[in-house]
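These notes concern the structure reproduced below.
In order of appearance the chains are A, B, C and D, and numbering begins at 1 in each one.
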Amino acid sequence: MLLLALFLVPALGAAGAFARGTRHGGWLVWVAAIHLILVATAWWSPPAAVLDGWLALDPLGLVVLSVVSLLFFVVATYAVGYLRCERTGRGFASWLLAFLATASLVAVSHHLALLWVGMEGTTLALAPLIFQRRDRRSLEAVWKYLVLSSVGIALALLGTFFLSTAQGELSPGVRPLVLEDLVAHAALLHPVWLKAAFVFLLVGYGTKLGLAPMHTWKPDTYGEAPALVGGLMAGGLTSCAFLGIARVTEVAVAAGLGQFVQPPLVIFGLLSLTVAAAFVVGQTDVKRLLAYSSVEHVGLLVLGLGLGGVGVYGSVLHLVNNAVVKGLLFLAVGNAVLVVGPAATAFPSSGGGVLRAVPVSGILLLLGLFAVTGSPPFGMFLSEFTIVRAAWAGGHPWIAGAVLALLAVIFIGVGAMMLGMLYGPVASSGPRARESAWLVAGPAALVVAALALGIAIPGPLQQLLARAATALGGSAP
Amino acid sequence: MERLADLLLLLVLLFGFLILGTTRLTTCIRAVAVQGGLLGLLPLVLRPQWSVHTLGLAAGTILVKAIVLPWFLIWAIREAAVRREVEPRVGYVASLVLGILAVAVAGAVAVRLPVPGEHPVLLVTTSLACVIMGLQVLATRAKALIQVVGYLMLENGIYVFGLTSLDRVPFLVEVGVLLDVFVGVFIMGIVVFHINREFDSLDSARLTELRD
Amino acid sequence: MNLCFWGLATIVAAAGCAAVLRSRPVLADRAYGLLVAVGCVVAAAPAVSVLAGGSAADIQIPIPAPSGPWVFGLDRLSAAFLLVVLGPGLASALYGLRALGGDGSRRGVATARALFAVELAALALVVLARAVVPFLVAWEAMAVLAYFLVTFDNERAEVRRAGWVYLVATHVGTLALIALFASWAGAGGGLTFDALASRAGSLPARGALVLCLALFGFGLKAGLVPLHFWLPDAHASAPTHVSALMSGVVIKMGIYGLIRVVSLLGAPPAWWGWLVLVSGVLSGVLGVLWALAQHDLKRLLAYHSVENIGIILIGLGTGALGAAYGVPLVAVLGFAGAVLHTMNHALFKSLLFLGAGATVHATGTRIMDRLGGLGRRMPFTWVSFLIGSVAIVGLPPLNGFVSEWVIYLGLLRGGTAGGSIRLVLLGVVGLAIIGGLALACFAKVCGVVFLGVPRSDAALHGHEVAGGMLGPMFGLAGACAFIGLAPGLAVGPALVVGASIARIPFPASGSEVFAGIVRLGLWSLVLVVLLALGAVAWAAVRRRRSLTRAETWGCGYALQNERMQYTASSFAAPLLAAYGRLAGVHETHAHGGRAFHSQARELVLDGAILPAWSAVRGVLARLRPLQHGRLWVYLLYVIAILLLLLLYLAQGASP
Amino acid sequence: MLPGVAAKTKAVLTGRRGAPLMQLYWDLFRLVRKGAVYSTTTTWIFRLAPVAGLVTPLLALGLLPLDGRHALFGFTGDFVGFAALLALGRFTLVLAALDTGSSFEGMGASRDATFASLVEPALFLSFVVLALASGQLSLEGMLGGTQALPWGAAAPALAMAAASLFFVLLTEASRMPVDDPATHLELTMIHEVTVLDHSGPDLALLLYGAALRMALFAALLVGVLASRGRLPGPAALGLLVAGLLTVAVAVGVVESSMARFRLSRVPQFLVAASVLASLGAILQLLS
């Protein structure tokens, strides 16, 4: 019942928001709070599977669900301040809530076709939010986003059908396309179809995840979308997409195809890191920069998954860190945009000075810089350290070396851009708005979270991550 | 019944070629509409003992793919007052040849693939061929609207493959899929409409402002 | 051990009150100074007791994986470096109270004070940490806070650039350390240092990879040639008391890291010892040579840090070789010399930086050729700076001489021992060259800055600085003199620390060293007494002679003016000429050859790093056209990757 | 009196009568009775320099086993102290020169510091050879002590070291071919111009300090060439004096036989000294 509620509450909230045509964020906060409470209860009392096992909550799902819910709550509080400064089209709130609903569906659905439905839903729910300013650039961005994601998601659907085909003639009692049964009877799966399914799902969901070279929509979309939407995409959407890839990997590993699935994952990871490094250096727009940094981090996610062992744990932990830090960065940049104006995201053309214009957000951004580049004591340091450890333990010192070298290049790129943007004299003349408590509370909370994750991961979360990692065929350090 | 199914599938393929070959936008849309209709009939043919599931699926498919979406796209063209030519990036003859190749490849793969249950080989062939053609249209056609058509073709191909596991993919999911396709194309249509308003052309090749 | 943490807590509390009381600066500064002082003393107490032979229990904070438990401990090595951190740190902090914001400008001052205090705590934690994660956390905190302190004056573009170069260098170093510990820790097993030490035996090639990564990662921080490229700019453009901390303490953390890794690994292979020794000689000679070529006072001092790091590494290499070849006495002497020289350099280098800061504070310029004659105008600064100079040149009766003496002993004991270890005598040559050049260099600094006649109005109107700035300088100078005159009290513990690093009991053959120390101390005392007596007696003699004061004899030139004095450039010219290209100097004769000037460029940074980086950028830029904005090509990417994976599937399926 | 000896030899060799041997003492006496002139720009360091210039060589003398057995002081590794003391003296001298603010002193100081820094390695390398040959780390042990330097075993190496020490002596005592004590053209002088502004008693001290410096190195050289560990005290002292005189004569011979180098060629000369010594060290290591 709880599982249904997780999906229905935000869905009804979206409908209500659309009906009331609400233009302020209070409604968002309330719905997000209720959703958060529901997730919390799921922590205390794990809900039973419903709908013949279509909806269930396993550790990995719970991780994604909690991440999305928390991030959405933060974004909702931010939206309160945001909607006071910016005029948005009707339905802004309802599309956001629709995203929450579909994302929750993705997190809780164990029927892979249903998971696909939810995934497509998340894609579509965010599309209208991207072209709030109906200008050329945002239209181009949303068009590329739609076409590429739709193609990707279509391939994923084909992959899903392949998977059901791989089940062959169903022995009685085995439910089609339900995760538990797939894993339980993995040995019976037809290997060729399973491999084909893995390939198509990897490319399909990889497109949504933004792995190179299917990442091409990402910089355009993140660059044009409002900052908080960018945060939801980089933090929430990626988590959902990763969940999709993780599911099929889980099945493949259970079927003993680990040897087959790991190389592509590792290669995608390294490729994404390389592309990110290449495009981060000399980047001239912070939002695009963050997009490429997101490419980097999803690359690390699949890399950890592909390395196996401790790496899987590292990548699940990285999922959490990524959501927190990306949310922080996008919201802080959003404040700069609100106060200084759209020019704030461009450097060197804008001349910097953000630290003066928005002191609080500036400092948050500064901390975010070190958080996103994996410096201790922020969380990403721990996850990246664990992934590198896994590479070494797995006997791939060259992978570890390459990853660290690319991280160094990426640090130079990100740091040069963001420090340049932060320091220096104030660029714009008069501030258009001031950073209100609503605007800074969210990112500040995220900074605290990032620190906490780096210094001491709470016990329950730690155990949850460990169980998720073991379910994916990995191991906890 | 087998023959009928084969006939329908053959028609689906032919209309696919029509989309590749035609010079006129509206023809493309009509063709993809007919394709949708044929797909809607397929379940009824493949499962003679009609159940609620198959009937509902057929109805939904026909409604969405053969009626609503095409009508909507046509409306978009009319509103946008687009020039009617397709303006391919790859010539018509070339695309037709590519189409043939696609069918050949699809067939070659299909006969090798171990499809469970008794299904006409043509089914898998058609679905794969449709997928490839759809991608081809998406990649080689300049106008945004035709890319929507290409996407629809892609979906049709996948739908056809879905028919192989008709009796295990539950109705709810089918509906969900249909709904997603519907909303997706709907939003695309709206975006196309706005693009046209902004760029006074549907040529998606002009959308190259965002770059590094 | 707990006492240490209480002290650090007090220091952090000082930061807190600097931040909170920013509305009432006077009160804030008083409280800040008091708290920092108390904190440093309290935290130093356990270290002293440990060096005196006591011991401290580890502190363990249980933290779940993947970080594992946080362990902190205080062994002799940590204790020695803790003193290195706290002594100069305290002096710089107090000095900063007057130097920064003393002139009423308050913007960012409170923040800088707070950051400085936290930096001190972070430094202390670096040497206390006994597990990978807390170590790296403290390390990065130290590095990043140092970045913010360096870029305090971030209005100026060159300061931002210097800070940025430093930040990149230190982050790359951190990544190297991550690689180091990741490769060492492997998949399972704990991340405490004890666990690492227990796994040391199983490392491939006797931990060659670990040692190389350590030399790179920690070497970047310590600034050994050619990894020093970030150091001169960063140290020159930081506020003076920050430069003092950076040069005196922060770079020493690199040394600490190296020693810690060695002591965890056990006796390193011989080739590594040679590597360290050679790089030490290289750093020492090139560092002092480049220093000689500088005209910016603070840059010059920064290059001298490179030189002294070289000396320390010579000691360290000697110790490593002693351990590798199984000559205990050499191992102990080498490590002890390294540790002792680290301590000494921390003292006199921060002293020198504080002195330089005083002159800059008084005259407003760092260019030596615009200074001169400050000895009369700021006598106290001059004396303390002179003490620092004599110490850094390694002359008796001050501490620099003592540590170099220990290192010389180690080298020669290695030479008189049998086997290929005798080649360490190479180090003697290095040390000798370094000593000579350093003497010339500081003769130049003292002479040009403090003696002669002022070369500009700025120097003319120089004035003595406030007591708040003199106090710390005197303290440091006192420490230098103390170690110099009572070497036993410093060398004894240093030898014990060296033995603990080499993990061997102190060899009996070292008794001659102890005997030597005592007589050395006596001898230094005699020197001082003789000088004093001589000065007094001679003053008496003079008093009975007729003294006349006149212009300096200009050899017949009627009109002399300050512009005719020997400048820093011309003083250094013959030496630099002797060393040719190595010095990286190009000379210019302005005004038709009547004015002489020489310009030094940073060889490694401008000559190697930046070109290499721009080459990398060029390569990366080649990839940019991939993102050209054409949607249909993006679709082709997707299709292509799909086909590739299908091929992979096919070749996987065929067999 | 050694400079006198050297000058005398030179004079004799060049066929002049030359100044009496005790000339230096006469000069000193005269100077001490004179008054002194101080430049207005100078500070206390200028006055301290002469004292240091005298004290440091004296104390260094205390490190040498003059009687062939024991030194006044002497501790393991005291040769470092030996070199450091001389460096200290030179440091103060250079500072004093710069104190005057005259470009001539500056020039002299600069050259002085340069040559000193170049000669340092030679000195240390010679010590290395001695240490290797004798296995001792204190001058006392190297030169004096009961067991003499193994001239039989390590003759070539020791010879190298001795030669290099002789070069060092020429430099430290600022004789030909490095410096010309007799010149009176400021631009070519080194030591002379460094002390140009000192006068009266100060100058006396400085001159005497320089002479001591020469004696010091001569004594060191003698210690190396003729170790007198087993001789009775007086004989040892006598031998020492004889040795000193011979060294001085040798210096005089050199001075009269070769001209002063161009300044730019001096470094090569000094490097040659280091090369000699390192050659000796290598020989010793190989043996």
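The rule we apply is simple: contacts are C-beta pairs under 8 Å (C-beta built on N, C-alpha and C of every residue); 3 or more make two chains touch, one makes a residue touch a chain.
These numbers were taken from a predicted model, which means no experiment stands behind them.
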item: Chain occupying the most central position, where position means C-alpha average; value: C
item: Leading chain pair when contacts are tallied as C-beta pairs; value: C-D
item: Whole-Å gap between the CA centroids of chain B and chain C; value: 70
item: Whole-Å gap separating chain A and chain B, where each centre is the average of the chain's CA atoms; value: 31
item: Whole-Å gap between the CA centroids of chain C and chain D; value: 35
item: CA centroid of chain B to CA centroid of chain D, Å; value: 101
item: Shared interface positions of chain C, touching two or more other chains; value: 624, 627, 629, 631, 635
item: Junction residues of chain D, two or more chains touched; value: none
item: Set of chain B residues in contact with two or more other chains; value: 135, 138, 204, 207-210, 212
item: Residue ranges of chain C in contact with chain D within the complex; value: 372-373, 375-376, 386, 390, 393-396, 401, 404-405, 408-409, 412-413, 415-416, 422-423, 425, 428-429, 431-433, 435-437, 439-440, 442-444, 446-448, 451-453, 512-513, 515-516, 518-520, 522-523, 526-527, 530-531, 534-535, 538-539, 541-542, 545-555, 560, 562, 564-566, 570-575, 577-578
item: Complex contacts: residues of chain D adjacent to chain C; value: 32, 34-43, 45, 47-48, 50-52, 54-55, 58-59, 73-78, 80-81, 83-85, 87-88, 90-91, 94-95, 97-107, 109-111, 113-114, 116-121, 123-125, 128, 131-132, 135, 137-138, 186, 196-197, 200-201, 205, 263-264, 267, 274, 278, 281, 285
item: Touching residues (chain side chain C, partner chain A) in the complex; value: 63-67, 133, 136-137, 139-141, 144, 151, 154, 160, 164, 167-168, 171-172, 174-176, 178-179, 181-183, 185-188, 209, 613, 616-617, 620-621, 623-624, 626-627, 629, 631, 634-635, 637-638, 640-642, 645-646, 648-649, 652-653
item: Parts of chain B lying in touch with chain C, wherever the complex brings them together; value: 89, 135, 138-140, 204-205, 207-212
item: Touch list for chain B against partner chain A, complex; value: 113-117, 131, 135, 138, 144, 147, 151, 154-155, 158, 161-162, 164-165, 168-169, 172-173, 176-177, 179-180, 183-184, 187-188, 191-192, 194-195, 198-199, 204, 207-210, 212
